[in-house]
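Below you'll find a set of structures to go through.
First chain A sits with chain B, and in the next complex the same chain sits with chain C.
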Partner chain A sequence: MKSGKKKLIRKILLGCVGVGIFLGVWQLLMSMGVISERTMSTPGQVLETFIYKLRSADPDGATLQEHFLSSFKLAMIGFITAMVIGIPMGLVMGYFKAARLLLNPMFEVIRPIPPIAWIPIVILFLGIGMPAKVFIVFVAAFVPCVINSYTGVKLTNPVYINVAKTMGAGHFRIFTKICIPSAIPMVFTGIRLSLGASWSTLVAAEMLASTNGLGYMIQMGRTIIRPDIIVVGMLVIGCTGALLSFVLGRIERHIAPWRK
Partner chain B sequence: MKKRLICALTCLSMLILTACGGSGSAENSLVIGNQPYTQGIPIYIAEEEGLYEGFSTESLMFVSGNTQNEALGADEWEVGVTGLPPAIFGGVSYGLKIIGFSVDDTVSPRFYVRPDSDILTVQGAVEGCPDIYGDADTWRGKQILCPTATSSHLMLAVVLEKLGLSESDVEIVHMDPSQALTAFKAGEGDVLACWPPIAYGVDEDWVLAASGVATGEQIPIVVVASEKALSEKRDTVKAWLKQYYQHCEEMKDDTDKLSETLETMEIDNGLTVSAEETRMIVEERPLPTFAEQAELFTGEPGQTKADEIVMKYVDIFVQEGRISESDKEKLISEGFIDNSLITELMEEQ
Partner chain C sequence: MDTKAKVRVRNLTKKFGDLLVLDDISFDIKKGEFVCIVGPTGCGKTTFLNLLVKLLEPTSGNIFIDGEEADPKKHNLSFVFQEQSAFPWLTVEQNIRFGQETKKRPKHETDNVTEYILDMLGLKEYRDRYPHELSASMEQRIVIGRSFAMKPDLLLMDEPYGQMDLKLRYYLEDEVIKLQTATKSTVIFITHNIEEAVYLADRCLILSQKPTTVKEEVKIDLPHPRDVASKKFIELREYITEQIKWW
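Let's look at the complex of A and B:
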């Protein structure tokens, strides 16, 4: 127990030291003039802006909380929709040949299309509100869910399947009792990738039409030449993604405890 | 041996990194930040035909003021033409100076509504602006598709001010104008903000509910110079400014050449435009003359007509919270609108 606690403290400390070194190097490079103050803000300025944005809507029209909640809602709806549709689709495609033959051609066509390329079509069919932006995020998050779920099923040890068949198990039972549990680690990898894709597509989705959101805030920061606002937006996106990834790890540990 | 190799590679990397940076051109040369729009035509032609005398130039083309400002931050260009909003932000962050006006951009910002809009039920409510439709009640709460922090946005603020409204009374949805046009055609939004050539693609039954011209105000494209260029090669900047206006005056009546050049510039930079549209654009936005600059920039620094025009829009940005009051004070104290070159050129004539 004690050594477990020690390990946790060590883990946290090393993490903090790593972040501290990064911030220190950043500040040092700016103090030495290696990175110009014209093009970048110091860690102190970023912190000041972060605190300022918590209470002020200037200069981009909304407080940081308003931007965050708008983006969080958008990213989560897109991400969850992608999981709900993409994971079952990938699992089914992985086991049932008919499903693979039916769905794979369309999936392979859609897969390489960058989310941003969907914007003109999405405007025509879904307008400029939340559904349109959720669709852009969905497209980005959907692909990793499908691919990893599909691969997870394909990597199922054939010995298990053959043993099940020998025992008289039907396709559905093999699929649900052997293939799906076997695919869980890959499914969670897909979910993790999908989560990252959801957040990284935010900026593109909010280019469609925005009044707020972290992506909008970053774009405004770019327009009015406020690198501190850009960095605050980036850090909030990054930290939120990291936190969600941590939560996901905890859920995975609970559902698939056999995975190290 | 290994240590020497690592040391040599490190030194080489540092050398490359220090070499990568601003343009740092020679005293009698200039890097010009140009745009593929009417204001950039004289610069483009002068480069193509070798019309500049006394100095060499290199042009960088920027489709938007945002990317132009990013390059300015890296000292990639020294003089150029740009829209007023990016010039203001460039002035606040990088000490950019306005040294003259280029084409009058007032004709560009246009605000369209559909024929069934209630805005069209009222006309003439704004005193002195008979071509602005609607009143405070009909504009209030409207969803306006408009790219923020642009000339259109500034002019929208002027329209709202004339209606007795502010931005908080409407919903401004930030959109790229070509996407906004698509969305408006699909039934989204209540008001569409756009400019030519995108404005030439509006549906025939849409109505121009307000425009820059309708407000009676003026918004210019501006000629700018970096702080560094003005301090290190002022004479070259002055020579370039003089020749820019000379070229504008020589070319301004050759509509064929201007429209053909504009078409080439826009297509080369990935913009979709037709020959007919470029002709309309150059006819609507004539090139500036030096005499106009003399009138605008005559007077004590800070008290010229140019100052009055520009500071109106600086105040709008302060009201919107885009820049702070201290940013405005900084612009004033650092001489954002620099009439010294125009004044010297006037005295030399």
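Let's look at the complex of A and C:
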């Protein structure tokens, strides 16, 4: 127990040292003039802007929280919809041949299309409002959910299936009690990839066509030449992604406690 | 042929394309009998077990249990594979319950049998652990416990101790004998280790080279626990080894 606590402290300390070194190098490069202040802000300026943006809508029309909530809501709606549809679809395609034959050709055509390539057609159909962005996030998050769930089922150790078969288990029991639990680690990998994809695509969508959100804030920062605003937007996206990934890890440990 | 046989194998033949693997195999097994199958490497022992448990369909012939065609849905069949097969996502107790729940056995009966098996195998204190938290031998005990908990009409074991060292093998072999005696299960055990076969079996079926037939049946009438250094034991082991030689 004590050694576990020590390990955790060591992990946190080393992480902090890593971040400290990064910030130090950044500050040093700025102070030495290697990077111009016209193209980049110092860590101190970024922190100031971060605090300022928490209470001010200047200069991009909304506070940081408003931008964040707008993006977060869109990302979560698209991401969760993709999970709810994509994971069962992948699992079923992995186990039932008829479902695979029915859905696979369509999926194989959709899969290679980059989510950003959907933007023009989605704007034509749905405009630049919330449904359009949710749809683009959905497309981005959907593909990894399906592929990983499908692969997870396909990679089920045949010995486990044979054990269940010899015990007289039918298809449904084999699917629900063997293939799905066996696929869970791969499903979670898919969820992580989906989460990353949904964030990155959302920001891209907001940069192209939006009136608020973190992507819009970054885009505005570029327009008015405010690197501090750009970096604040980027850091919020990064930190949110890391936090969500951490939360996912905890959920995975709860759902799949057998994993080492 | 024995009319009171628990398991009757009749004219079992298996071809893969033009390759004849098993050629017209017939034999009977009595209830509660422990039969070991030995044969030269590559003679089709695993194919034979897969046929018995209906993972493969025979080209011709059939397997009958209590006079009815063997069917995993109808009969209690259980298979201990060579590979590690404890379900990693289930605890020790859930693993042992799995087959019984598949057979929709009443809950109180499942509870009782599970407790009995956990107790017999010394797994009670590990009941909530996952297989990866235990040693390889403990994991194999879970699999063996899960199989015996089914109260199988026929339990098939395919070199289950192939990966274990000698000491552990003897320990687990004694456990299998103990469980088999207690549950009166009918067991077919495949091994390439002749000593293991003589140590466990009531009867040994010696298979020939491909196309495989039953070359000879050897009755092993020694009391348990068997003394591997006894004259009779060594004689039987040497005799069976001689019969397996194809060179």
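The rule we apply is simple: the second predicted complex is superposed on the first by the 256 of 260 C-alpha atoms of A that agree within 3 Å, B and C clash if a C-alpha of one lies under 4 Å from a C-alpha of the other, contacts with A are read in each partner's own complex, and residues count from 1 in each chain.
Keep in mind that, in the parts below, a residue touches a chain if its C-beta (ideal position, glycine included) is under 8 Å from a C-beta of that chain, and two chains touch if they have at least 3 such contacts.
Model, not experiment: these values are computed from the prediction.
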Q.
After the alignment on chain A, I want to confirm one thing: do chain B and chain C clash, or do they fit together?
A. fit
Q.
By the touch definition at the top of the document, which applies to A:127: first (chain B), second (chain C), both, or neither?
A. first
Q. Of the two partner chains, chain B (first) and chain C (second), which one does A:119 touch, if any: first, second, both, or neither?
A. first
(Q) Is A:249 touching anything from chain B or chain C once the two structures are fitted on A? First, second, both or neither. (A) neither
Q: Return first, second, both or neither, reflecting whether A:24 touches chain B, chain C, both chains, or no partner chain.
A: neither
(Q) Taking the superposition on A as described, I'd like to know which of chain B and chain C A:15 touches: first, second, both or neither. (A) neither
Q) In the superposed arrangement, which partner chain does A:173 touch: chain B (first), chain C (second), both, or neither? A) second
Q. In the superposed arrangement, does A:44 touch chain B (first), chain C (second), both or neither?
A. neither
(Q) Contact-wise, after the overlay, does A:57 reach chain B, chain C, both or neither (first, second, both, neither)? (A) first
Q: Have a look at where A:223 lands relative to chain B and chain C in the superposition and call it first, second, both or neither.
A: first
Q) Taking the superposed arrangement, what is the smallest distance in Å from a C-alpha atom of chain B to one of chain C? A) 46
Q) Hey, which residues of chain B end up touching chain A in the complex? A) 66, 69-70, 73-74, 89-90, 92-94, 145, 148-149, 171-176, 179-180, 182-183, 186-189, 320-324
Q | Residues of chain A that touch chain C when the two form their complex | A | 157, 159-160, 162-170, 173, 177-178, 181-182, 184, 256-258, 260
Q) Of all residues in chain A, which touch chain B in the complex? A) 36, 38-39, 56-59, 61, 119-120, 123-124, 127-128, 207-211, 216, 219-220, 222-226
Q) Of all residues in chain C, which touch chain A in the complex? A) 53-55, 72-79, 81, 83-85, 87-90, 98-99, 102-103, 130-132, 150, 156
